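Below you will find the structure I want to go over with you.
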């Protein structure tokens, strides 16, 4: 036994090296993707060697290489995919280690894009080329918002294919407990801010759940992450989102959080808080807690969900056993039925630097993307699989077979979804397949009549934003959560926050935003 | 031996105090387990969950019929067993020489090892190293980079230092070399500390998730913690990623999460009672005299 | 411990003028088996710890993935300048970090020792075993999973903690939303999660105590308290001191996962620590360099404290880390 441990250790090392050598073929996607092509050329003479494309997507990772969706696309376009199978964390690490995929994930932020562009990681791609090889998709973009073409620009160069998110056109829906509304004498959702205040007061004081205890509130807030829809609907009725750029009366760009509208909204919230109309624990609540409080009838109103979330909650609503009433944006000082919205503009789809020089590959990818976004057959194959096998067409809309809905794993086995197709539910041409009749009706019912508030510039990569926004957000988060519950003078605290915000880089951000906005307006003329 | 009344009172208070501690310590487990066995309405209820009301096994059925969950469990078990055994061996190989005062340049070797507890190259160069060693998508990436937990190794070393020198001196006179002494004298005397450090290594291996995210892309090599994170941390907003899920699954999301958490934690919980016998009083003295 | 001076037997016989090299060689030859054991260990440390060590350079460079670590340009301590001079929040964040982790050491470090001693006093052996296996349960759940339960327990309106405080006429406390109580809540919940797990190493030490020492103490008429003070604690001191030294090394790690999952903008002022700050910066700015620089700073502080305490502990006659 004397030498036992040494032998074990040595063999461990040896084993690891052996195992390593046998499995290293798939380790280095991206960096040496082009080398492998040469070897194969001698065998296939009549057919051109497939172009190798590495995919860095972190969405809907397929269960295995060679899944049906991959095979279908590979044959149709004579390409060969390298599935990098990344998570958000490993993607960033691979990038930092200079393993750059051809097609980037769709989950990135505009700050990522600005950084990648300046570090020479992503490819410049001309807008003309996109319009040439993706004509239908480009027309779809134009139909939604031509500003989409501006958000891929970093330092004057275009760094990606613009993307829009169709659901982003809609807003967050004020939703009420119908049983409670009835109890306090409302037959429909409140329409104005005054009515809303009345509802909150009665939800708190009139024992709407009838249990004889004063243990209910009208609403709580998403205070754990203040910048995500904290008291959405109140701010909306004042016509402002505190975390977005907006147009000021003088034609310059301003930040919602420092406007007078926001100040008035926060005064209202503070007044309600001090009158005990808002769940005082809103400061630490997130969406999970909002949902459980709603389910258990601790609160009777929620405003942090969009129509498609609410559509998914219909079953839970049935189990909860009380009717749900969907309202419209509250008419308040802004005078319109405003609701908060993320807006349809998204960070563009980016490509690895190596595509800049590889015309053949770049054009091939663009052609394929055009089909993925706008060609019915390609779209259906890559998002739903095979008709009659994994889905059926019902009234022109694909519907998954039951087993695929019950076991989402089967969808991963097929390789369908956002992994190969970055345009799922992101182009007007394919929107028709994402909307069964009942969902469309639900959307119409909830969204009609609402006007949205969204960011004036969308995810435009401003340099000052990259530099200051993280600190400014922290400042703003802290301020808003404090001022809402203050016993002091809201007016005074607001003005001192505004001054501090402008000093800490906010002014630079406003200046750059105004400049970019004016340039864009010029370009439109 | 009889207890005085004062001591009896002390025992009662102590009993109650520890009992209270146990109740708050076991609560999370009960809470999560109850939710995993509950129907959606009950699972989504605000408040405490002391037992599953409205029992519903759908979530567990949904979880246990997933193949990847079992793959993950297999890989995690494998890495835990292998990782723990090899870690203990490697730690002993490091701790024993460093505990002997006559080892030349002992403080130099200790220093260069302790240094690594505080300074490391960080993620990028480590990744490049792992890649160059061909450990990407290789089971050994779970074992080798973390083979010697320096913190534990130092504790083992300090424990070895407390073993009286006479014990090994007599063996030396009998002609045993250092390896023999380590194997047949030091290690048997160190069962409690080996059990402790073994448990630490096992739990660390069981709970590790970062390596599976960073170094492994092959689904067949993923661990249970990887899938657990996938389920628990990923956004509930499935639709935004272009994935359509059945209404049933959406509804059961909370309890499926809970079931996954319980599934991932139960096997390692069972390990401790097995090791407990090594923590019984007097283990060491007994073997010293024997 | 005093007996442990294992001076090599023949060292007195070595002629004083013998060259240092030959002396060393003889010592190495004598310890060849020990060195043989140590060799693979050193190889492992060389490959896996020292191999990537050059990555520390990233803290001083404008890291570019395309250029790699070596060829990225030096940035003239820009990250350190940013942290210490430019960042308006850093002083506050450093203060929060030191306070939170200081409180964690002050209260969290003795907690498992005390629990281990209490468990040791329990006479009912089945209950003792059960209590051990139950008390370490929360260690196995991550803070993502536990945070919801913590919010429930500490809620001012529905939480049992405030319910009990109500018996004593104390008004409900918003533990996690009130800047006055947030740090305290972090320390308490951290003890709750880790105390049982922390006892294990001390229970192992307890099990190693020579029972004859207790018998002797009892002969001298020592009661339980005196036995604990004169026999149990001194026997545990070596393990306590090494655990203490090593815990000081993490003084600037206030526990990212816990704070990230429990804090909210309402308590940023007292709860924002280095790690949460860097996390928010990093997400927006893709700053590998800043992360590395902060890590380096934390570790320099850590190792300084460890070496300092190690020195003091050794002066006091205990085995240290080095």
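We call the chains A, B and C, going by the order they appear; numbering starts again at 1 in every chain.
The rule we apply is simple: contacts are C-beta pairs under 8 Å (C-beta built on N, C-alpha and C of every residue); 3 or more make two chains touch, one makes a residue touch a chain.
Quick caveat, the model's predicted, so the values are computed rather than measured.
J.: Compared with chain B, which chain's mean CA position is the farthest off?
T.: A
J.: Looking at every pair of chains, which two share the most C-beta contact pairs?
T.: Max contact pairs: B-C.
J.: Averaged over CA atoms, how far is the centre of chain A from the centre of chain C? Could you give it in whole Å?
T.: About 39 Å separates the centre of chain A from that of chain C.
J.: Please tell me the distance, in whole Å, between the geometric centres of chain A and chain B computed from their C-alpha atoms.
T.: That gives a centre separation of 36 Å.
J.: For chain B and chain C, let me know how many angstrom lie between their CA-based centres, rounded off.
T.: Once rounded, the distance between the two centres reads 17 Å.
J.: Residues touching two or more other chains, restricted to chain B: which are they?
T.: Counting only residues that touch two or more other chains, chain B contributes 46-47, 90, 93, 123-124, 128, 133, 144, 177, 179.
J.: Can you pull out the residues of chain C that are in contact with at least two other chains?
T.: Chain C, residues with two or more chain partners: 36-37, 40, 63, 288.
J.: Return the residues of chain A touching two or more other chains; collapse runs of consecutive numbers into ranges.
T.: 5, 9, 96-97, 289
J.: Please output the residues of chain C touching chain B within their complex, sorted ascending.
T.: Where chain C meets chain B, its residues are 1, 3-8, 24, 27-28, 30-31, 33-38, 40-42, 44-45, 47-56, 58, 63, 69, 115, 118-119, 121-124, 127, 129-142, 144-146, 149, 152-153, 158, 192, 196, 200-201, 203-212, 224, 238-239, 242-243, 246, 249, 288, 291-292, 295-296, 299-300, 302-303, 306, 319, 321-322.
J.: So in the complex, which bits of chain C are touching chain A?
T.: 36-37, 40, 63-66, 68, 87-89, 148, 151, 155-157, 174, 176-177, 264-266, 268-269, 272, 280-281, 283-286, 288
J.: Under the stated contact criterion, what part of chain A meets chain B in this complex?
T.: 1-3, 5, 8-9, 12-13, 15-17, 19-21, 23-24, 26-28, 59-60, 63-64, 84-87, 89-90, 93, 96-97, 165, 167, 287, 289, 291-293, 295-296, 298, 308-309, 312-316, 319-321, 383, 400, 402, 405-409, 411, 417-418, 421, 424-425
J.: Enumerate the contact residues on chain B facing chain A in the complex.
T.: Contact set of chain B toward chain A: 39-41, 44-47, 62, 65-68, 86, 89-90, 92-93, 123-124, 127-128, 131, 133-140, 143-144, 177, 179-180, 183, 210, 213-214, 217-219, 236-237, 239-251.
J.: Enumerate the contact residues on chain B facing chain C in the complex.
T.: Residues of chain B touching chain C: 3, 7, 10-11, 14-15, 17-19, 21-22, 24-29, 31-32, 46-48, 90, 93-94, 96-98, 100-104, 107, 109-126, 128-129, 133, 144-145, 147-148, 151, 154-155, 158-159, 161-162, 164-166, 177-179, 182, 192-193, 195-196, 199-200, 203, 207, 232-233, 261, 265, 268-269, 272-273, 276, 278-285.
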